[in-house]
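Each of the next two complexes has chain A plus one other chain: chain B in the first, chain C in the second.
Presenting the complex of A and B:
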């Protein structure tokens, strides 16, 4: 079978998975026993007449049987109507898309950090299996997955923002995406919504520097979540590859160890890390809810957290659907890229 | 080398078991020895006092003893996390066993599992708890909802591979009945690798729960819970950092002890490593 038909088949599969995800999300939104789905659309305590309620119920098709409601729900989703968020005072999809760049910018930084540390650490641990470096890496990674991320965020603020500030030393900012005075003095006209790219395009250096400084602490906190996972996968995969015959062959024909590791072992061992990119993204977006809240980062996650406080479940459920969609799409992209890069993948 | 690894492992695992047992005992005993008035009685004169002889962990913004609050929270957090994982384990293994044994139900059950696993658990739990309404009970329900699928998938895989083993065919030839085969042979042989996941999962659920109650699903200021204690202390982070530090350390140590045990359990029961 050709490559094109493989891609088409995967796209069809993507459609099915998204359909399944929408069913789960719909079930959560409308199928929970003892929950009136209309409640999600009305601010609590709002005086509203019975007639208005029942006409709203009719308008939202909540008086129809569940399968019919599901049909309307999916039709609305496809038209881009994800409902209205009271928290953002905006349609849900607009609110999420508007805050997507801030979250993606943060997530990319976290990924870069965790790959830059996690891959070498995993390789070293595998090469020195059961010796001190391996034990150290494993202890650190177990410690990493045991850390409550929101707590780490607050401690980072304490150590790198508050204590330097009280001692009169330079520290790192602990809130927001950019310093308020910079946003006032040299404002940035949005191009892509990614502050780093936009400020470079516009040649706004102070804005760029301030954004970069604001990224450091939240990115470190967020990267901890994916770091431990990457170290583990990398170590296990490297151990597996080092056992293979071609490594023994490369060694016995006299190639230096460094070449064997970098050219032969690492290139094959890194693939499982890439395969889990979708899962890693999901973990990061989940972590973003917490980290963005700690650092007042104006992304999708902190918006969803505000939605929780406002009982705005239309927004929270919309966020869930959005994150799941992103994960499914990234998984597909990884699979297709794989088929392009790796000749062993059969399609 | 393997022996060395096992010793190292068992040492860390022992540390984990000791640590967790200590925390568990403290959590069980806490509500019996700490009077409920500690939580209810507000003493503004003793507000935000630093850790010392009278108050080991200091006091919070209501003048309450933080050490007692953290211990009472241990009771709540551990009870919820253990209940959630136990429920998820039961639901997951039963459904997984059904998927592995009843061919007709295998495909539909696995597709449902896949869909659940394709949504990040914290994000899905958030959505469910938000629709059900903010309360600790709804949070637990949401956590069960997102925790069962992994057990279902693991159990199904175990049952499927166990069914293929020669001893099963041998016993069948000897005339062992269907029900007896499943209950006496297949299930007992498949259960351990699945249960081995539970300790690490309790740690994960504990952290997820603390994170969710930190962002707003918490039970309020009069019910001590680790995540909400951190959230409440955050407003005083610069005047009284102990309010954040101690509950956080409690979450960390509990989850660390569970992960140490979990790591060991996974290696011991991993079917690929069994010789």
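Presenting the complex of A and C:
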């Protein structure tokens, strides 16, 4: 089977998976007994006439049987009408897309951070297997992932923001994506929505520095979600590669250890890590809810958290669907990329 | 150069150091105020209803109204107007406007701007609720003439056609008599008209600014008038503003929900000509996490932070508050003003017509009998709830109103007091007629919103107290998801439920209607109806004389209390400027006073030392 048909087959599956996701999400929204989906559209406590309620019900097709409602729901999804969010005061899809760059920027930064730390740590652990560095790396990575992210976020704020501030020392910001005074004094006209890229393109140095400073703490907090996985996979993969004959050959040729590790072992061992990094990117997009809330990061995650607090089920369901779609797409992209990169993979 | 692990570490350290230096926080500046708010504004258009403090906080500093409040007073005084006159027994109100007031876009305030602003509120007809005050006046249809007929959201309107727009405009709800005089024509006399005009929905916008940024609807069947599209939100005005207020909306970022306000250099000075903003910049930042807000306040990087009542004991001494009723801040440099009465009440509701899920009436209707209602009310220890659930931030209340509201009468009598013996006696008596007794008990369900643990405490207390009586009723408590909970009480499926509600104005009209009239918001959800109360409501609604109105309100309160339909658990109190999210301040912030009609602070009053 050719590469193209493999991709097409995977795209077909993608459609089926998304249909399944939309069904689950729809029945969570509409199918549960005793839940009036209309409640999501009304601010409780504010007066609204019975006539307006029934006209709203009709307008949203909530008076039709459930399968018919599902049909309308999918048709609306495909048309890009994901409903209207009370929390964001705009259509759900617009709200999510508008906040997507902030979340992606944070997630990519976190993945880069966890790869930058995780790969060397994994290599060191493999080279010093069962010795002090290996145990230390494993303990630190497991401990890191065992702490709740929100707690870790608060600790980071304490250490890098609060204590320096109380001691009159410079620190890192505790919240937000850019300092308000920078946004006011050196405003940034958006190009891609990614602050780091846009500020570089526009040559806006203060904005770039401010964004970078704001990125550090949430990115560290978020990177810990994927760090442990990357360390462990890197370690296992490296151990596997180190046992291969060609490593023995390289060593017996008298090549320095550093060359053997970097040129021969690492290159072969890193492929599964890149796959993991790709898939964790998807996980981080969903996992950003907590980190974004703690650091008031204006991404999809913090919006979804507000939606939950605000009983905005339309938004929460839209977010779920969006993240699920992204996960599936990222997985597909990683698989396809893997097929391209690794000649051993058959379609 | 070959990179070594050491050089990498050194490089990383230099980058880290470089990142930590630069830009001190804006708060270091004396003339800048930074406020970490729990939720930022969603939009800043005064025609949109909202339950978010931040939206209105922006509105009340950027826009102004014909009448408003001076300092802590809740009596409206002329603001953009120089005065008013009620004519035809309260059917017409004529306002004279001040001269020489300019909008932020440089255009001048005149009678046309007033007409434009009110017509805009009616014609946009947004279902979020605020327009409802003018079209319907809650229980009594038709405040502004023609609005009830036009409104699809709150009245009997059917379409947003050009014909319906023209019909509303022709009804003459708001008329320009001359450039400085504007007349409001009401469908009936309305005693609380001035208070409604004083709310944020009475904000006057710059017509020139709105029209300049408006696009005529492409759909020919959609009615419009220059600057206003019928039944459609104005996307530009959701995020931009041009009023006459002391602050200019400099920046509102919808994604972050952060706001920056700048002092208006050509502000006219308010009614006494003395208002001059001292704070040049106000930064309101949506900081979602409470721990982060508290940390920022402690570090002194913000001047004001929203701290929920549940977390108040991180900020004040718990023992001193609960034992002595004294607010004693425990963080150096932080002040906590209050407590103040708040426009929020907690209550329980008994349903006179319990329904089955198919909409039919349930066979067992215990609350149709006043003895059962009184018994339930007597089984609730409201004092315990105020102390243990609301941490003392609630006061006893004689009705579903707060002491901050006009007409509140503390002497109105309740039909019950906490007494389990009375409850038992009443239930045993009622059981004989309703068919329940200790040996043949009937079951009832008490519901609460699972997301509101305070309701769970009350529900459990009622159930435990009634079950202990062994008087023939067995109560079960069920936590429902928010949507199930709303559906359950809206559809009258539940017998007994627990609620809180807030008011956007200090005028009691909406709550008198909600609890006292057949068409009222809450009364509709338990089929409460008393013709005498309906009549008294209309009398106070139309009364222009405050003394007479207050007397009628007292009578209405008593009539409803005698029916023992509602259990008044408490009127909320709070600290800071507490609407929706109470807040605490750095002690360096001065000029704070409390006005229950404010939503957030009025910034011209504040300064920093």
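Keep this in mind: the second predicted complex is superposed on the first by the 321 of 347 C-alpha atoms of A that agree within 3 Å, B and C clash if a C-alpha of one lies under 4 Å from a C-alpha of the other, contacts with A are read in each partner's own complex, and residues count from 1 in each chain.
Just so we're on the same page, contacts are C-beta pairs under 8 Å (C-beta built on N, C-alpha and C of every residue); 3 or more make two chains touch, one makes a residue touch a chain.
Computed from a predicted structure; not experimentally measured.
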Joint occupancy of chain A by chain B and chain C, clash or fit:
clash
Quick one: classify A:296 as touching chain B (first), chain C (second), both or neither.
second
For A:329 in the superposed arrangement: first (chain B), second (chain C), both or neither?
neither
In the superposed arrangement, which partner chain does A:216 touch: chain B (first), chain C (second), both, or neither?
second
For A:255 in the superposed arrangement: first (chain B), second (chain C), both or neither?
neither
What is the contact status of A:311 with respect to chain B (first) and chain C (second): first, second, both, or neither?
both
Would you sort A:93 into first (chain B), second (chain C), both or neither based on which partner it touches?
neither
Per the contact definition in the header, classify A:25: touching chain B only (first), chain C only (second), both, or neither.
first
Please work out whether A:247 is in contact with chain B alone, chain C alone, both, or neither, and reply first, second, both or neither.
neither
Touch test for A:164: chain B only (first), chain C only (second), both, or neither?
second
Part of chain B, among the options 22-30, 58-66 or 76-84, whose backbone runs into chain C after overlay
58-66
Residues of chain A that sit at the chain B interface in one complex and at the chain C interface in the other, please.
32, 35, 40, 150, 154, 157-158, 162, 293, 305, 311, 313
Contacting residues of chain A [partner chain C, same complex]
32, 34-37, 39-40, 43-49, 51-52, 55-56, 87-90, 98-99, 102, 150, 154, 157-158, 160-162, 164-166, 170-172, 174-177, 179-184, 206, 209-210, 212-213, 216, 293-296, 298, 302, 305-306, 311, 313
Enumerate the contact residues on chain C facing chain A in the complex.
16, 19-23, 25-26, 34, 36, 39, 42-43, 48-49, 51, 127-129, 132, 136, 138, 152-156, 238, 250-251, 253-258, 260, 283, 285-289, 291-292, 295-296, 298-301, 357, 451, 480-484, 486-488, 490-491, 501-502, 510, 514, 521
Touching chain A in the complex, chain B uses residues 1, 4-5, 8, 12, 111-112, 114-116, 118-124, 126-128, 130-134, 203, 207, 210-211, 214-217, 227, 230, 234, 237-238, 241, 244-245, 247-248, 251-252, 255-256, 258-260, 263
Would you mind writing out the residues of chain A in touch with chain B in their complex?
17, 20-21, 23-25, 28-29, 32, 35, 40, 129-130, 135, 139, 142-143, 145-151, 154-155, 157-158, 162, 282-283, 285-287, 289-290, 293, 304-305, 307-309, 311-313, 316-317, 319-320, 323-324, 327-328, 331
